[in-house]
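Scrolling down, you'll hit the structures one after another.
Shared chain: chain A. Partners: chain B in the first complex, chain C in the second.
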Partner chain A sequence: MTVLILTREQDVTADLVVAQLNRTGVPVVRVDPADLPGQVALSGEYVHGSFRGHLSAGGRLVSMSGLRSVWLRRPGVPATRTAEPSAWLTEESSQALYGMLRGTGARWMNDPDAARRARHKPWQLRHAQACGLPVPATLITTFPQVARDFAERFPDLVVKPVSGTHPQEPPRTVPTSRIAPDTDFAAVAFGPTLLQRRIAKTADLRLTVVGDRVLAARKAVPSDAHPDEVDVRYAASTAPWQPVDVPARTATAVHSYLRGAELAYGAFDFVEDADGIWWFLECNQSGQFGFVEMDTGQPIARTIADWLAREEPEAGPRRTGRIRATP
Partner chain B sequence: MRLFVLNYARDTEQLEFSAPYTYDSGLQLNVLADGRIAAHDQGLMRELGATTSTAGSKTHFDD
Partner chain C sequence: MTVLILTREQDVTADLVVAQLNRTGVPVVRVDPADLPGQVALSGEYVHGSFRGHLSAGGRLVSMSGLRSVWLRRPGVPATRTAEPSAWLTEESSQALYGMLRGTGARWMNDPDAARRARHKPWQLRHAQACGLPVPATLITTFPQVARDFAERFPDLVVKPVSGTHPQEPPRTVPTSRIAPDTDFAAVAFGPTLLQRRIAKTADLRLTVVGDRVLAARKAVPSDAHPDEVDVRYAASTAPWQPVDVPARTATAVHSYLRGAELAYGAFDFVEDADGIWWFLECNQSGQFGFVEMDTGQPIARTIADWLAREEPEAGPRRTGRIRATP
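What follows is the complex of A and B.
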């Protein structure tokens, strides 16, 4: 039984998992959907009440019935590296590939439909609340007056993109940023704006959850850090990520989150305040993990590889990972 | 008509670089010129930021 990894060639983080699977002798086929059709080819036959499908890439041929799991890591957009790309060909290729794969009994990390929903930050915030995780007061609005009222109630705010993405035309980076007290909110009318109460943090926390396993890391905020430095991704601090124990209540809540989201993998970002409260910021359903593994030595790649390699009995199509709640 | 959040945007650092590794479709891994697996060279990964939480921001939602 084979593990199928859907990702780009340049994804060196995925390499960590491929190497682990190679070490244990688990067959792997790595495919970038951008190469379909062309470097990647597929075929599926629905005859006499059954389905037989095949996928080939890099000289490897795999039967779709022989897939034990699919890792939806960082796949390219289907048919974008073909000789004559078009939006229509992308849709055709996407429907063929993902449609066939959805019909297999393979376990997904993560299920594409669940992944799509889980990318929505507004949904994440509500789901986190429902799972009992502390969420900083947040407003998403296009009403300038509502933003002004919110700023009166919560005078220390940050702003961040609703989607978590960065604009590309031209390419710009939009870190989570602190808002000055006298800010003019008129431009809120031009696009949905996410405002959130700034948590005076003592540390950033990254919980990488793989199936039922939580690998948590903490990065302390230096005592002399400027309060405007809110986004750990762009902070000047060179403090390393270090392993940290997870409070039982938080562990239960993140398991509940993933179970409800139908995800097998999630990278949770929290900030810790002076009272020791872990505030939920977001859960990236395909979050990076290499940088945490390098600092902490936590076996994240191996844990992912183990999850992907696990053999489970067939239980019908489109199964997601089962998450066991931590007691 | 400038979106509010874009008042906080920064110029994107030019991350164009020639990666010192290439994808080997036989191994299904990125390898260095000497054949080692690039991802296992932690010094190089740190230098390039290839596995950090900002890697891939251009093309993916998830950091």
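What follows is the complex of A and C.
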């Protein structure tokens, strides 16, 4: 049984997990879909009611029925590193590869269709609410008047993108920013805008959940931090991430979240307020974890490797049932 | 309770269904996501653990919690008909609209994530096999030698695209074509190729499945038809589509297919051979049905309207459970 990792050639995070997988003795094949067709080749035969598939990469031939798990890390776009790339070849190669892999019965970290749904922030907020997680009051709107009313009710506000990353070349992360309640909200009509009540935070929290394991880290906000520093990714603080215990209620809720989302991996961002409440901000199904592992020493790469190498699905999405948790 | 139809402005098929919906008395709102933001506006508020969303189009304001069903017909790309379109605005608008709608609890025809998976032809073939449908021997490969071996075992062959439609402007349908077994298969290495045993067919079959209703039509192949005429979409035959009874086994299998695929609608293409066996070719989750309704008089538009207007989910994907049927 083999673990298949779909990612780019340069991927330090994948390197960490591969090193841990080598420790388990389970064979690993690493493939960048950008190399299909070419360096990567595939074949699948549907005869007499059964399917036999093979994948070839780096001189190795792997049976698709022998795949224990697939880690969808940061795969390149299919067929973009072939001799004559085209949109048509990308589409054909993508359908061939992901269509076959979807039918193998291997466990996914994460299932591509579940992952696609889980990337929608409005869905995340609703799903988090349904799982019992505290969600800061949030508005997504194209109605200027609704934005004005919301700002009156929740004058301490932040604005953030609905979708996450600006698709320019190279992609740009759009930071969460504080916004004054008397802002002119007329421009909201020209693009859906996400406004959220700012939580006066005492710490940022990152819960990395792998199957049924929760690895939680906390980064304290210095008492003299400027309240405009809302986005931990851009904060000046040099405080390290430190391991932290997770309240039982929160642990139950994040498990329920991932089960309902049909994900095996999720990186949750929370903020802690002065009352000790953990407020859900988002769950990134492909969130980085290297910086947390570096600071805390938590064995995240190893936990991922163990999940991928494990023989039987023990947590995460089940193979025979899917649960749609959102009402 | 309202039915939401997401489609382009020009859509005769949607017009047919809207006419039938008007008969039921259930309110209908028709939205083209290309008009968001602008002609279409939206708002969603996440406060105190609950969600309240609204959609405005054509001067009407609809509550998202009042949506009974969503018909994902042929929607335009979000934000492409706004004042200043951009990839970023499309992404933001798409996430806002589809993220909110995913969280409303409305029934989908079809659920967008399930539909995405179901478009993969290799997945379809495996899933059809798992549901007990006869699938003609098929190979998808980038290995020339494997293609040669397959052609030796199954010398009467057709070739078709893995993905369906060539993405040129306007998109071009690539017909299924017959191919000689002594073809030079060297070029297979440059793009995944789908080869399939040609079924010497006596008829084409189209099963339009809406919830738990199967509307089946048969188009006989004239006895003097040229065997190279494999693609019914390009055949010279003027024989009409005629209603046909569905064998119980096939009906059970297509229901199992749609349930496993989590789809409420599917247009199945089969071919019938001289022994009366119905061979599965594909299931198009957004397949047209107007031409069948026109020839057969089968009430497909009306059946779709009834499914959309119906109060309780009676078939199709369930709201609280998902079944992954592929092994």
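Assume the second predicted complex is superposed on the first by the 306 of 327 C-alpha atoms of A that agree within 3 Å, B and C clash if a C-alpha of one lies under 4 Å from a C-alpha of the other, contacts with A are read in each partner's own complex, and residues count from 1 in each chain.
The definition used in the following text is that contacts are C-beta pairs under 8 Å (C-beta built on N, C-alpha and C of every residue); 3 or more make two chains touch, one makes a residue touch a chain.
Please read all numbers here as calculations on a predicted model, not as lab measurements.
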item	value
Chain B versus chain C as contact partner of A:Ala267, first or second or both or neither	first
First, second, both or neither for A:Arg74, with chain B first and chain C second	first
Touching partner for A:Asp15 - first (chain B), second (chain C), both, neither	first
In the superposition, chain B vs chain C on chain A residues touched	C
Chain B versus chain C as contact partner of A:Ser163, first or second or both or neither	both
First, second, both or neither for A:Ser177, with chain B first and chain C second	first
First (chain B), second (chain C), both or neither touched by A:Gly287	first
Partner chain in contact with A:Phe190 - chain B first, chain C second, else both or neither	both
Chain A positions touched by chain B in one structure and by chain C in the second	119, 161, 163, 166-168, 190-191
Touching residues (chain side chain C, partner chain A) in the complex	36-37, 41-51, 56, 79, 82-84, 87-89, 91-100, 102-103, 105, 112-114, 116-117, 119-127, 129, 135, 137-143, 146, 150, 161-163, 166-168, 189-192, 262, 319-324, 326-327
Residue ranges of chain B touching chain A (in the complex, touch as defined)	1-13, 19, 21, 23, 25-26, 28-30, 37-40, 42, 45-46, 50-63
Chain B-touching residues of chain A, taken from the complex the two chains share	5, 9-13, 15-16, 18-19, 28-30, 57-59, 74, 119, 147, 159-161, 163-168, 171-175, 177, 185, 187-188, 190-191, 193-194, 232-234, 267, 284-291, 293-294
